[in-house]
Structures are given as structure tokens and as C-alpha cells.
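Shared chain: chain A. Partners: chain B in the first complex, chain C in the second.
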Partner chain A sequence: MKDDFLNRTFRHWSMWPCLAFLLVLSVYPVLQLVPMALSTIKITGEGTFWTYSPRRNLDLLLGDAVLRDAVVNTLVFVVLSVAIEMVLGFFAALFIACMPRGRNFARTVMILPILLPAVAIGSMWKLMFNYDFGLFNQMVGVIGLDPINWLGDTRWALLSVVIVDVWHWTPFVFLILFASIETLPQDVLEAGRVDGATAWQMISLIILPLLGPALAVAALFRAIVAFKAFDQVYLLTSGGPGTSTELLSLHLNRVFFEQNQLGYGAMLSLTIIAVIVATLAVGKWSASQIERKRMGQ
Partner chain B sequence: MKFQFATAFAAASALAFAAAGPAAAQAPFADVGKHPEISILINSSPWFSGFEKAVDLYEKQTGNKVKLDVTPYGGMLEKARNAVRAANSPYDILNLDALWTIEFYEGSFLKPFAEIDQGFALPAGVLTFEDSNYWNAQRRWRTRDGGQLMGYSPNGNIHVLYYRDDLLKQAGLQPPKTWDDVSAICQKLKNPPGMYGFVTRGEKGNPIRYDWTPFLQGAGGSIVKAPQDGDYTVTINSPQAKQALDKYIELQKNCAPPNVGVIGQGDVIQLLATGRAAQGLAVIAAWSTFDDRQKSAVVGKINTAVVPAFAGRNPGVAIGNWVFAVPKNVSAERQRGALAFSRWFLTAGAQRAYAEAGGIPVRSDTFASDLAAKPEFRWMKAYLDSQQFARQELGYAEGAQVEAVLGLRLNQALIGEMSSARALNTAAREIEEIFQRGGRRTGKLDALPE
Partner chain C sequence: MIPLHGRAAWIGYGVVALAILFIVGPTAWIFLNSIKYQIAIYSGAWVFEPTLDNYIDVLFSRRSDLVHNLWNSFVVAGLSTVAVLVVGSLGAYGVHRWFRSRLFAKLLMGWVLIFHMIPVITLVGPWYLFFQSLGLYNTLLALVLTHITINLPMTMWIMLTYFNEVPTELREAATIDGCGDFTTFRRIILPLVGPGLVSSGILSFVFSWNEFAIALNLTARDTATVPVAIARFAQQFEIQHAQMAASSMIAIVPALLLMVFGQRFIVRGLTTGAVK
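Coming up: the complex of A and B.
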């Protein structure tokens, strides 16, 4: 009894150093954004001067015409890219898991894009999207169509950026789902086959429900990373043309670093955090509603 | 720095100087004495290789060491900010885009040269690019009038017009003097996608704002009425600015590649260097690429001219220079080392060596020397002729915010998202708000008809 108590107490207290690190390194910087967001900050050689001005930063936020476009673009970018990556990642995982031979090789080739640095990916795709000599327009030319202004036309620019993100991150979804598919209970799958389930029935009624937790984890991770997308988009379009590919992260970079507006930048950061949390919460709630309905059927 | 290269370069320079005649003989390199190693934050721009070679020569001649932190443009501002905000700057010389200097001058992050060495003065003939290296704290303006010397330009980037000399001669055309000439040459020579008639940057942000500025200045327009006198009335929505924007868009639509809205500096240089553009507006620093056999398919075929003008007006030439400055938060010994390098770098000898190595010197006597007559320095005449028209923009604390507004609205006009009048009216409203927040005396012109 006494040993149990000591063990529990030890376990309890031994967590505190980790927790303290977490608080100092993660929570404190986020909390620090709050006073920053309520101030105008000027850094000089004589010191840093804070002026309490919440109204000013709020006015800037409400009057920021680019922010509205950035929020819409980011939501479209996240929904489109994550949805496509989930579908492609799932079918790639399923296909490779069913291969009788060469699975290890296929898996290695599949994950190559996530090993490449974003700068290399940005440069590579910028060349492929080149209007005059890019691979894509050469392919378009082969089928007799006019070249497409992939990065320079507002109708195509965001889609082009999504294509690059899908290429880069589908392997991540694939990896998670491939690992889960390999651990699916074989007896359940076998029972389905014995019962004469078609391929589509196997996927929709057995595999997808069993992969539910893995799908949720993959979608959640991808959504979080997609919300923060910066490097590739910066290299490909810098947010242009116009505001067609301006994402929240790019806009924040402009405000915080290029324009040196630290107070407003902090308010923008908090807003972005709120948008991400709200979107993920809505996503989680929707998923739980779907799951509840499914269980009820 | 590599010893063998430095030795060879020094020998070559010595031979060049022996043959150079009186100009070089009258202005030898400075003996600056022994100093501790200094560190320079420098950007990896097209003119860097010339600067690197000049540094090699400095090390060879003086025995003093220089460490270069070569950084892409995108990382320069934050590195410089971090350096001056720290207890001790890791850099003894910061290379600052002139646009950023206000933040550093106004924040008192830099050491005025007179506080390091009271006797320091810029040699006669050093170009100061509208006094971008002086700061008058009281007036919050860059001027030598009541201002302190805060630095000097290692590179005086201004716009010039690049054109294909061979093609123009074949077609019996004269180098363009007006934007209408540019348009006429474009119509005659263009044959896309193999040959575009005219290229310049259209990418959102600094690229389009900077490359449109010669049009604005040339049309007699301005962004703000008289900021040097404290009058921040926004004038960007003037008829002159609209004329400038309409001409810029017309040229881009008729002569440039279809993806004008995302064309950056690398694209402009690449189009010219691969022989796929007959004319281009770009900074002088791009020159070193065009005569480099490793990088160019048009060696010896490109020439430069002063930026074209609107008929009956003077050309507009936008300055986009850099400023070498010394942070306050380095030791006095290292500050003296930084100044010693500066004294050496600004001598006629060093400037000549810098030019011969592909750099853009900042002493006017270098441009007036025998170098200018040599074919490989054929850009010098246009550069020197341009100086009388060269103007700074955005020389106020709100410059970066104003540039962000213009960089977006001009780009939207270029890609057809809004008319030129609407883009300028929108920009005027947004810029006025920026100045209002900054407590400036401001206002704006009546809106242009949309």
C-alpha cells in the first residue's frame, strides 16, 4: 500500500520537469503573443518600447483587405490538398499493400518526395510549370491545347500550388495508411471474401471503417501542416499573382518580418491560431457526427 | 580566401594599373594599417563575385582578414535586425538595402562614421545616391544637410535599359530613347516564345513596385508630395501615375511573356541572357551575367542605355542601392577595422579593381577613366549618364508598408484584376491610412475616374 503511494507520488512528480519545459518552450511563447497583440512595439538601439494600443491593432485586423483573401485561400488550399492527398494516399497504400512482390521498393519510391527539401521542390516545380518550356505545357502541347499560364494566371495559380502540395505530402498519408493496412485483421478480411463481398464492398464496408483512426490521424496532421504551408508557395508564387495564392502564413510573414509590425503581427498570429483551432474543431465535430450516425445505422 | 587566386588577382591588378595610366597612378590604394579580422554581412546578388574579388585583394594587400557571410536577399533583413538587436553584433559591416536603412538609422542601431573616426570623409566623387547614407534624425530624413554620415554604397544599383545591340543594328534601329521607341522596337523584333520584345519584373511586392518606379518618375508622378518637407499628401492617384501605369501595362501585355504577373529578377536576367528578349529593364548589377560565357548566350551582344523617357520629359531612374554601415554594438577596435576596410574600398585603385572583377563601382572617376572606353565596360556610359536622373523613393519609416500596398495593387492592375485607376485609387486610400497611423501630415488627391 505504502509502496503504491510512493510509486504514484514519484510518477506524479517526475512529470514536472517535462511539464515545466513544455510550459516554458511552448505555452509561454504563445501567451507572450497576447500582450504583444495589444501593443505597438518599437525596437531601437536604446531598448524596446511597448505602447498599449489594442484598438489600433484591432482596427488594422478588421481593415486588412488582404487578410480576407488569405483566409479564404488558406481554407480552400487546406481542404483541397488534404482531401486529394487522403484519397490518393489511401488508394496508393491499398494498391501497394496488395502487390505480391516489390512492396518495399514501391514504398521507398513513394516516400521520396517527403525527403526532398522544400526549396528543391519549389525550384523543380517552378521549372515544370514554366510557361515556355515547362514539362506541363509540353504535355499540354502534345495533346494539341494552348499552353497554360500555371503560376501567372489567377485561375490556375492556387490549383498549381495545390498540385505541388499533393505531390509533396501524399506520401505522408500513404505511409500512415500503408502501416495500418498491413496490420488489418486478416480474419475479418478473409471473412468478407468468403461472404462474397465485391472489391468496393470490401473497401467501403470493411477496410475504410477499420482504418478510421489512422485516417483521422493522417487528416489531422496534414491539415495542421497545410495550414502552415509557406516555403513552397513563397518560392513558387510569393502569394501572387494578385492575392490568388496569398496564404495566412505568407501574409503573416509580410506583416511581421517585411513590414516589422510586431504588435499587429502578434494579433494576426493569434487570429490564425484561432482559425486553425476552429477549423480543426469543426472537422472533429463533423467526423464524430458521421461516426455517430454510422454506428446508429 | 584562396591564396593562389588572390596572388594571381593581385598580380593581374598590378599589371592593369601599370598600364592604366595617370588616373590610377594619382589614386593608389590606401595604407590602412593592421586591424583585427572583420565580418561582413553581404547578399548573394549578381555583383557579389566582383566584391569577393575586391576583398581578396584587400586581404592580400593589407594582411587584414575579412569574413563574408553570404546570404540570399530574403534572409538579409532578419540577419541584420538580429545582429543589431543582440548584445554584440556578429557583423562589423552590414550591407543594408537602402529601403531598410530608415529602420536602422531611426532605431539608433548604427555608429555614425564620425564617432569612429572624426577625420573620416568620403573621397570626392563617391556617389551617394541622393544621400541615402546620411541621416538627419531631427528631420527624420536622409540628407547630408544637418545629417550624419552613416555609411556608403558598395553598389549603386540603378535601372538601365538592356537591349540587343546586334538585333537592333541588323534591323537598322537606334537604341530606344522613349517608351514609344521601346514599343516600336518590340513590335519589330518580337517573335514569341523565341523572342520577346521587352521584359521587366511584374512579380508582386518589391519587384513590380521597383520596376514600375522609372515609369512613374518619368511621367512626372510621385508617391508622396514632399516627404522631405514633412508633406505626406499621397499623390499616387495622379493622372501622371495613371499614364505611367497604363504604359507599363501596355508594354508588358504586348511585349513580355504571358506570365508577367510572376516574372521576377531571375526570369528577366534569364530571358535576356538566353537571347529570348530584345530589350529589358533591369538593375545594372545584372550586367555581369550577360558577358559571362558560363551564363550567357549573348556575350558581346547586349548593350545598355539610359532608361527611356516619356516624350518630351526626362527619364525616370529608380535607385535601388545598398548601404554599408557599422553597427553600434561591436567593439571600438572592430569598428575601426570596418572603417579601415571602407577607406581602402573607396580608393580609386580598389574601385577600379572592383569594376574589373565585375562589380559596380561607386566612384564617378572610375566611370570617367579609360575603363569606360573598353568594350567590356560599355555599360559605364549609360550608368553615369543616368545618375543625373536617379531618384530615391520610400525614404521614410513607413516605406515597407507603402511598398507592400503598391506591390499588390500594381500587380492586380497588371494581371487585370482591377483597372489602373482603381488600383491607384485603392493604393492612395491605403497609403493615406498608413501615414495617418504614423501621425504624419497627410491627405490624398481626388480619386481618378474609374
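Coming up: the complex of A and C.
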């Protein structure tokens, strides 16, 4: 038989390609960050020169004034955009699930922003936010207020970036919550209605508790992606004005490729990865603690 | 869910219509701007004479390389999608079939999760040095390889879910009938997880087409992809609003087509794992 050799060996090689990619292009680069973080790297026409200088990179890390702004901005950005998206996404899912007709059409339209290139979204909203002719200032003008410098004013820039993220990712929250609302047990909802629950009671006492796991998953997924946000913000403000929209990813990109500090950039990357791994470990540990408590009862 | 009736239904329709307007409005407004002359954009006009000049300019003028960028994006997204489907489904099948409860699989999937959570920029620095030392900097191959890697976690998760749904009896029946491991995978399992392959294929293509952070730093002028080209319109000394709008509209065409023809698979892929 032709496949005989493949058949006999399949269990041994089926993982190889995937292991090769993960080892060479994800594990190795992360390990590579360690020697990079201990060095100063100069790239010239003749080649790449490494100098051992751990203290310098550590001093840069501790003395990085922009880094503090970047951490604060990232936290504000993640919390604010995920919170708004969860609320809007939940109500969109609820209303669309309650529609007698047109649910499929609504869902098709809603997935549009998820699929668009973030760079295109950034450039679209850059036009929308334009001070002189953008749609937002046209609307503000209709109400009779003074035009707002959405992307150029330190008070508004981060909020504008959040608005774009809400447009981009509310549909994702909607999709996950919509899928689980559709599978809610009908008899429980029916029982609630027969017992005369008001709409608000239906939502807060029946639907929200049943959606608990889906809400947690949606929030978690969103927090992960929001934490990594880069593309749109790079297009919209590039971190400005000043440092008012400088997110961690943007700061890292600047250190790596605009200031050409590959060594310090690696130090910063390792710090970020360490924080992520620690967060994961704590999250996993507390989840298992909660589980154990529940089992003990 | 309980469908609304009477007046409540009309209020519901109103809310849903607003939501759809919120989603479609910006895209439609940008489309309108992409068919305006520059002067009409700057005056914020709502009544204007439509023109295709902006599209002709970004596609065919000397200053722009968009046709070339589109080709690059297409090659990178296509190749990396095919490769990630092969690599990802083989790997997920290995985990599913032989390593399910072993420490090795736990470590592997744990690493995949961590890798997915790390901002990609943290790895672009080492990738830059790595590809430079191999002489692959500023090649489409480097972009293809990195895109395979970043799409691998999602593909493996989706395919694992689908493999777990295939009844074990089918595989056992095939083995009893004399099918070897690879033949079983090829002839029995793969056809059954077809929808999973379509879901992860569509999403991998879209994410590779949209990817910006890596392409920005690993490519130069002749290997730039569409997102990099759009960013260039937005970052030049004088922002080219008309060109930005037109090139953005061109860049979203694949997404629009896939949304219309593949929405069932996209929804399934995006919600896999989350619903259970």
C-alpha cells in the first residue's frame, strides 16, 4: 500500500511542523530576548554589533518616564473600552435576539467591523474625526456647539481612540453573547414571563446569571486583544498629542524601531511577558481556589 | 428568546436600526468621501459630483504602488493560510489523538495561549534580527512564516474543537476495517471537519490580509502590503485624505466578500470555544 510508510509513522511526525514553527518563531525569539536585553545592539552597514551592558538597559527601564504614561493609558484604554463594549454588546444581542424577523441580516451586518483591516478603520476614523470637515464636527456643528479637536486635544484623544475601539469590537462581544442568548433554555424564560417578571427582572435575575460564563469569556477575550492594540492607534494619533494616547505596544514599537534600541526594547518586552505570565498564573490559581471552595461546600 | 410583540417590537426594531446605522454609517461615509474630489472633501459637502479619480490615482499613478501592494498582500495571505491549515490541523490532530492528557500537550497548549496573549511587537524585534541574519529581511517569505505562526493558536483551537466533536466510534470502525493512522485522518476525519477548515481558513486569510505591526517593520517599499501602503498615505507630510479613503475602500473588499459569502463560517469560527 502506498500510504503504508505514512501510516506507520504518522503519530510520530504529525506534530513536527507545528512544533517547528512554535519553537523557531515563538520560543526561540522569546529566549533571544534575554541576551538582547543584556546588550546594546548597533546595526551598521558592516553588520550587527552587540555590547554587553545590562546596567544601561535596566537604568533606561527604571528611568523611562513615558513608560508610566503608557501603562496608565493602556489600563484606562482596556478597562474603558471593554466595559463600554460589554454593555453595548449585551443590549445589542438582547434586542436582536428578541426581533421576530431579520436576525440573520442583523448579524451579518454586525460582523463587518471585525473583518476590516484595523489600518483601514484607523484611516476611516481619522477622516471622521477631522477638525475641519469630519462627520463628528459636522454633527457637533448641527447641535450648535464649538468644533472639538478630537485627535489633537489631550483631553479628547484617548476617548476618541476608545470610541474607535468600541466601533471595532462591540460586534465581537455581540456575537458571543448572541450565540449564547439563542441557546438559553426557553422553559426558564417562559416560566419567568408566566410568573409576571418585568423586563428588568427578566434581565437581571434570569438572563444575566445564565449568561455568566459567556460574559466572562467575552470580557477576557476582549481584554487580551485590547491590551495588544496597536494598528488603529498608530494610524489615528501615533501616541500623541504628547503621550496622551501612547499605549504599551506603541511605546515598544517606538523604542524598537524609531529609537533603534533593540536592547532596551527587549528588556521592556521581557517585562511585559513576565507580567502576562504572572497574571495568567494568578488567574489560574484563583480559579482553582474558587473551584475548590465550591466543591468543599 | 421570546419575540417582542406590538409596540415593544417597534421600539426593538428602532434600537436595532440605530445599532446597524452605527456600524454601517462610518463605512458608508468613507465610501462617499472616496468618490469626491479633494475640494469636496475639504468643504464637507453632502451634495457633490461623484468621481472615480481617487481610485484611478491610487491604483495607477506613479506615486502609488497599490497594485503591487495588493499582489503582495494576496500572496502572503494566500500562502500563509494554506500553510497554517496544514500545520495547524496536523498539530491539533496530534494533540487530540495521542497527547490529549499528557503533560507535553498541556505545556504546548499553555505556551500557545501565552504566545497568543503577548503583544506581537515584543517579538518583532527578535524576528527582525533573526530574519536579517538569515538574509530574509524584506522578503515576502519572512512575512509568510510569521503570519503562519501568529495564526497558529487560533487554527489549533478551532480544529481541536472540531476533532473533539468527531465520534470515536468512526475512527475505531476505520481502524478495524484496516485503515492506518494517516489514511484514517485523510479519508475519514478531514472530510468531517471540513467546516472547521473553512472557518479557520477564512479567519486566517482575513487576519493575515489585515496584519500591520509585523509588515510595517519587516518590509520595505517593494514588499509592503496594503495596510503599510494605507499607513503611508496617512503619515506623509501632508495627509492625503482622498487617497486614504479610496485605498481603505479597496482594502476592505475581501472582507466584504467573505462577510457576504462566508458569514456562517466566520461566526462559527469566532464563537468556537466561547459558547461552550
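To be clear about the criterion, the second predicted complex is superposed on the first by the 233 of 297 C-alpha atoms of A that agree within 3 Å, B and C clash if a C-alpha of one lies under 4 Å from a C-alpha of the other, contacts with A are read in each partner's own complex, and residues count from 1 in each chain.
The rule we apply is simple: contacts are C-beta pairs under 8 Å (C-beta built on N, C-alpha and C of every residue); 3 or more make two chains touch, one makes a residue touch a chain.
Just so you know, these numbers come straight off a predicted model, no measurement behind them.
Q: Contact-wise, after the overlay, does A:W156 reach chain B, chain C, both or neither (first, second, both, neither)?
A: neither
Q: Classify the contacts of A:A214 with the two partner chains as first (chain B alone), second (chain C alone), both, or neither.
A: Only chain C is touched by A:A214; chain B is not.
Q: One more residue to check, A:M128. First (chain B), second (chain C), both or neither?
A: second
Q: After the superposition on A, what does A:G63 contact: first (chain B), second (chain C), both or neither?
A: A:G63 contacts chain B only, not chain C.
Q: Examine A:F136 and indicate which partner it touches, taking first as chain B and second as chain C; both and neither are also allowed.
A: The answer is neither, since A:F136 touches no partner chain.
Q: Have a look at where A:G45 lands relative to chain B and chain C in the superposition and call it first, second, both or neither.
A: In the superposition, A:G45 contacts chain B only.
Q: Quick one: classify A:F257 as touching chain B (first), chain C (second), both or neither.
A: Touch partners of A:F257: chain B and chain C.
Q: Applying the document's definition of touch, where does A:L280 land relative to chain B and chain C: first, second, both, or neither?
A: A:L280 contacts chain C only, not chain B.
Q: Of the two partners chain B and chain C, which one touches more residues belonging to chain A?
A: C
Q: Both chain B and chain C contact which residues of chain A?
A: Chain A residues touching both partners: 43, 132, 238, 257.
Q: Would you mind writing out the residues of chain A in touch with chain B in their complex?
A: Going through chain A, the ones touching chain B are 42-46, 56, 60, 63, 65-66, 131-132, 147, 149, 151-154, 157, 237-243, 254, 257-261.
Q: Where on chain C does chain A make contact in their complex?
A: 1-5, 9, 12-13, 15-16, 19-20, 22-24, 26-27, 29-30, 33, 41-44, 86-88, 90-95, 97-99, 108, 111-130, 132-133, 145-146, 148-149, 152, 156, 180-183, 185-186, 206, 209-210, 212-213, 216-217, 226-227, 230-231, 233-235, 239, 241, 244-245, 247-248, 251-252, 255-256, 258-260, 263, 266-267, 270-271, 274-275
Q: What part of chain B is in contact with chain A in the complex they form?
A: Chain B residues touching chain A: 77-78, 81, 84-85, 103, 106-109, 193, 203-205, 257-263, 276, 328-329, 400-401, 404, 408, 411-412, 414-415, 417, 430, 433, 437.
Q: Flag every residue of chain A that touches chain C in the complex, lowest number first.
A: Within the complex, chain A contacts chain C at residues 1, 3-4, 6-8, 10-11, 14-15, 17-19, 21-22, 25-30, 32-33, 36, 41, 43, 48, 91-92, 94-100, 102, 106-120, 122-128, 130, 132-135, 138, 167, 171-172, 175-176, 179-184, 189-190, 193, 214, 217-218, 221, 224, 227-228, 230-231, 234-235, 238, 248-249, 252-253, 256-257, 262, 265-266, 269, 272-273, 276-277, 280.
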